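Shared chain: chain A. Partners: chain B in the first complex, chain C in the second.
This part shows the complex of A and B:
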């Protein structure tokens, strides 16, 4: 509990990562899949932000967009992904001075207009000749800058640790390679640091273990080795896409404990993706609920579980076994998750929503505070803000929705 | 207070449809590896009542699927019996076996791969009817249509292919197929594990409806305990081929008897962010079923393991470190064998086995409570790693270390076992009855001379 309070305090510094109106689509022969369709959220230093949603809702595509890992037939169509880390900013302004733009004193909305087509380092504040405030916009970064960023600023671990490990090299060599690339360590120093890292992820007998191959590790151990590799890059943000889904509960508990320890020690910001509400309740400080490419609700974790506002979130929580121990039957949500092919002109949840009314099929809901008194609990549903009359609320959504359409086509 | 159950003769539960007695299923027997089989199911006994759902839970590789497959005779038992309505089906063969199979069906975990993608949904569901020559072909088609409707699919799905379906729909197809021959008993192997919660809820409701309608008896294999708690009447907890605890589900969840059940339950995240439970995090991974521990199967990871009298007063942190040391030596022994194929590469690498001092350093010198993270912090590099440790502990560890130095790791493990081991390391526990409702638990702690596991956990986890 107290660690959660701590996280709250750390939020004052402003977000280290902000995703704004992200749109990523896949153009296949058959159809266009708007996998992420206008997602926005923030991550602050030292906190864990969760993204939960059903299969195909766009969680992994969101993560891969942040990492700059979207490849053809996929494309990031729109939006900003701003990474605000002073060390990275300084390094990037130095290595990519030709792609750096001075936006000090310029309004946030005008940044894109000020920048040249392939600029991606934005400096908002200077201390002397050095940039002291600003960000790197991942959506605009060049491939070589992305590679640099993936190494140093943002790291990711996946559900299947084998996808991040090379079967023909020892675990030690792979960690040492990461150390060489990102910290310039070689030889004995690299070996020592590799052992330290394996010990840091609680792999006993690390000295022997670094001489072994991934296939000689158990599933949980492999995931630890991948975490050690990510730590070798000294990231500020760690994106975890279902890191424990393939593991047994007892091993999952070990990995969650490990991530928690590392976060506390290094002040890491974590984006944690899972479809398991139990795991989410345990790790996240704030939670984003995704449905068909959109973030439909955001709130601090306790608030979201205690007072879910979006009808989809309500349905999702209700369908977890054990929420209503006295009911014989589990509660369900009618129908299936749609695949978004067209830009939304309605509420994508309307066909399944028990609360749906006429306008739900004509107005696309945008994220709004659920009521006047709050600004850290938002929902994309025409029922909110709940203290406005239905007509007024719908009007708010209609107006804000059409505004954002305009800014997209600019 | 608890008594040992003699299960070889008497019936385990009343009105049992399935009765499993001393069942063993080993893999790799008979071939080259005959002296070292994988003991996937290792002497298991329990009953399943007519019309009930028995949950089977445990970590991956503990033998759940093998046990399920053995019950429906997709796997041959190595020893023991599975009696179904009084008939020992491990004895059946030929036509008798084929006929009996109609009674016992299985639904598999992965809706992606368990259905043949080249067959239409109709053909998939009809296949068991064809195999058993069930009635006329027109009646078969009719039966398939009914079955599709029963599981919530539509008639027009008959001619579609599995890949055109969602995970939940494919699982419905698997269920329809399993029900085709009107079995009495169905093994459901992780039927909802690959599904999202909202889809999972629908399939669980469907399974319950079908059970009511057709009077089915289920063995429900799962690792999600909230699902098991919801759907099962009784629950069996498996670890390393053994049933550690079996009995009434509500009781088992509310008041677990076995240390492994305690640990498993505590590892499960609860969907409640305000919950402040203390968690027991187990160290390491389960041992290989090829090489299970000599005593209790859980003894290498059990947080409640009984200590020998002489060391009863060592503080918990030091005791944990001793266990870690023992685990490292055991692990090296295992790793050793699989390394033969790398022998060439290892030539010249004599360092592997001479670094016991570094291990002692790692195990005994890192500050307490730093298992997650602080490995990079400096430790006192020189000096005796056992300096702060009482001589009753350091002396035997030194003796063991000496054996390692002279290349006799086996001797070293023995020294540690003799000194720090207890009956948990040497004797297989019995199944003790732990409640009025016939719940049993496999653990020495139920013997009168020891504290019960729950008393132990109460004391150490919740006070410490």
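This part shows the complex of A and C:
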């Protein structure tokens, strides 16, 4: 696909969003659920990054952590979520100057140590007195800063369009609310812009439609309206949490096409979450496979479909209906996703893994390149790097795992 | 079908309901064991009984009595009291008793609305905190205490307030009032006094007949009568808020950067009110209709007491008139409920083709 090559070319410069070693846990009376346990990935401008995994693997919690939407009893415990957008940086350095820290020339790992407790705007480069490079660390941001970031920097659309619009306000009202918050538009200007946005997401008769209520829209129309609402915020990154799961297949295709078009037009970075490999193949440039709170494999989409390395990814691909037309039964991965309530000391997939061996029970695998030559294909599995002997590979994982050991105080 | 034609249809449907209700009322009071003639002169004088029956028209065929009854009521020709105050028109009796009940009901509804619902919403917005547990527990306790029991306890407490409440004297506090007895609401007859003679109207008038005195006097009864509704609305308000705040559209609103204040007031509040509407209107009737028990304990001579007396004494015209007014009240409140629904929830009356 040519558009995909185009995206690849845009991957110059740093990522617009990078998630590093994110850990989000939910504290209940019974146990601590480590819904996201050390996830790392990057999103570049104009690129679609997929996160795929079974229900309960931590996909949605990852998305909500990025949005700063985790609420008690949940908590982002550790990790960095860095959002690098120059406009946002300038805005935030301006309005949160007391919480801005100058880290020009300071080594990346030292940033956190340099910053005060409340600081969350990191400036790495200056042009004159204005910051020209740097990032906002979402995990450290205050609630008021998060609110300014939400929508405008990073917007999100949710799974169920039937319930993500407020039933008692008109669609226009809800789009205009976003326009007022993020573009300062009111009155007639806001109405006009709302009509434009509805037209941009291919809703016919937009002038009349903005005065209608969500229940007067069909499912696909509602998801379009939700997308229009997200676009009203003028985001740089759009997180789509299973945006097509609740829609029927023909509508699904239309929405995916719409998202593709919008991305081309506005240079959006998209984080796309789904459990549907088929949808993923349509939209994603890179794919992260998530299992029990961890990202177990990362690769460009073609590479991942052609050469899945992690046994879990292989299992996922095997279980796509239609892959084995001669089989009587659909293939599945036996067992369920375990609830990650203890720090991992083993491979969490081992009990379901067809290739598990003894060390899988004792060593926690970390993400490593699958073989020496590759940089953009990693897997968290003791079988890799595949050009090392098994003992050497296990030793690599053991060593790197103990370095990055993070303990959680409860 | 649009929201307003839905509302109009509800309005038209109210007519047969009033007719049906009134018919049932007629059947209950005329076909039941009540004998008004016996209530008037006793059973000892068979001839007198017959004479009275003829006078009252009780010997006419039932269907004719039925039509007279219906036509009289629907033309608001409420007739005269037979037993309680013979010769006085039912209309005059109701007009003289109703204000006290309305005064009581008004404040009970206000207490339920302005204490119960805010408390419930507060608890729902701060779930599983100390203050939530405190409010929820309070709601259950208020809900669970029976009217008559709470009324008696409160009267006992207030009568002995000087001994029990560290020298605080309820009867003499602010303005001297009795603890039980009808509230002095004559001041309402001259509403202009609120502006022309504010001190007297609102506060003074010798502690008898000012707004403050009437409010103070009704407060314990209103608290008792409103307590159950208050508890109900508190519990339901909490649930409604919890349900709304965890809904996906609230999360969507948060994801687009809406402030938490705007989330609560714009997105949560209106949606949480929807399930509360029928509760509020349903209970409003209960309160305005008065409560025989509370009115009796607090000595408030209101509609509840009048209705009870009329039923016991077989005062058929009065009983029928009161029933008719209660029916109108219920149907009216249901229409108010439909109106509120129509205003709050745009999905009302929506049918997918």
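Definition applied: the second predicted complex is superposed on the first by the 401 of 410 C-alpha atoms of A that agree within 3 Å, B and C clash if a C-alpha of one lies under 4 Å from a C-alpha of the other, contacts with A are read in each partner's own complex, and residues count from 1 in each chain.
Rule of thumb we're sticking to: a contact is a pair of C-beta atoms (placed from the backbone, for glycine too) under 8 Å apart; a residue touches a chain by one contact, two chains touch by 3 or more.
This one's a predicted model, so the numbers in the text were calculated from it and none came from an experiment.
Judged by the number of chain A residues each one touches, B leads among chain B and chain C.
When both complexes are overlaid on chain A, the residue A:262 reaches chain B alone and has no touch with chain C. Within the superposed three-chain model, A:220 lies in touch with chain B and out of touch with chain C [touch as defined at top].
Contact with chain C, but none with chain B, is seen for A:233 once the two complexes are overlaid on the shared chain. In the superposition on chain A, A:315 makes contact with chain B only, while chain C stays out of contact range. In the superposition on chain A, contact of A:281 is made with chain B only, not with chain C.
Touched by chain B in one complex and by chain C in the other are residues 216 of chain A. Chain B meets chain A in the complex at residues 59-60, 166-168, 196-202, 204-205, 208, 223, 225-227, 229-231, 263-264, 267-276, 279, 281-282, 285, 324, 327-328, 331-332, 335, 338, 349, 352, 355, 358-359, 362-363, 366, 371-376. Across the interface of their complex, chain B is touched by residues 1, 54-55, 196-200, 202, 204-208, 211-212, 216, 218, 220-221, 248-254, 256-258, 260-262, 264-265, 275-282, 284, 301-302, 305-306, 315-317, 319-323, 328-333, 336 of chain A. Those residues of chain A whose C-beta lies close enough to touch chain C in the complex are 67, 69, 147-152, 155-160, 163-170, 174, 177-178, 181-182, 213, 215-216, 226, 229-230, 232-233.
Residues 247-259, 266-267, 270-271, 274, 344-347, 350 of chain C are the ones that touch chain A when the two sit in their complex.
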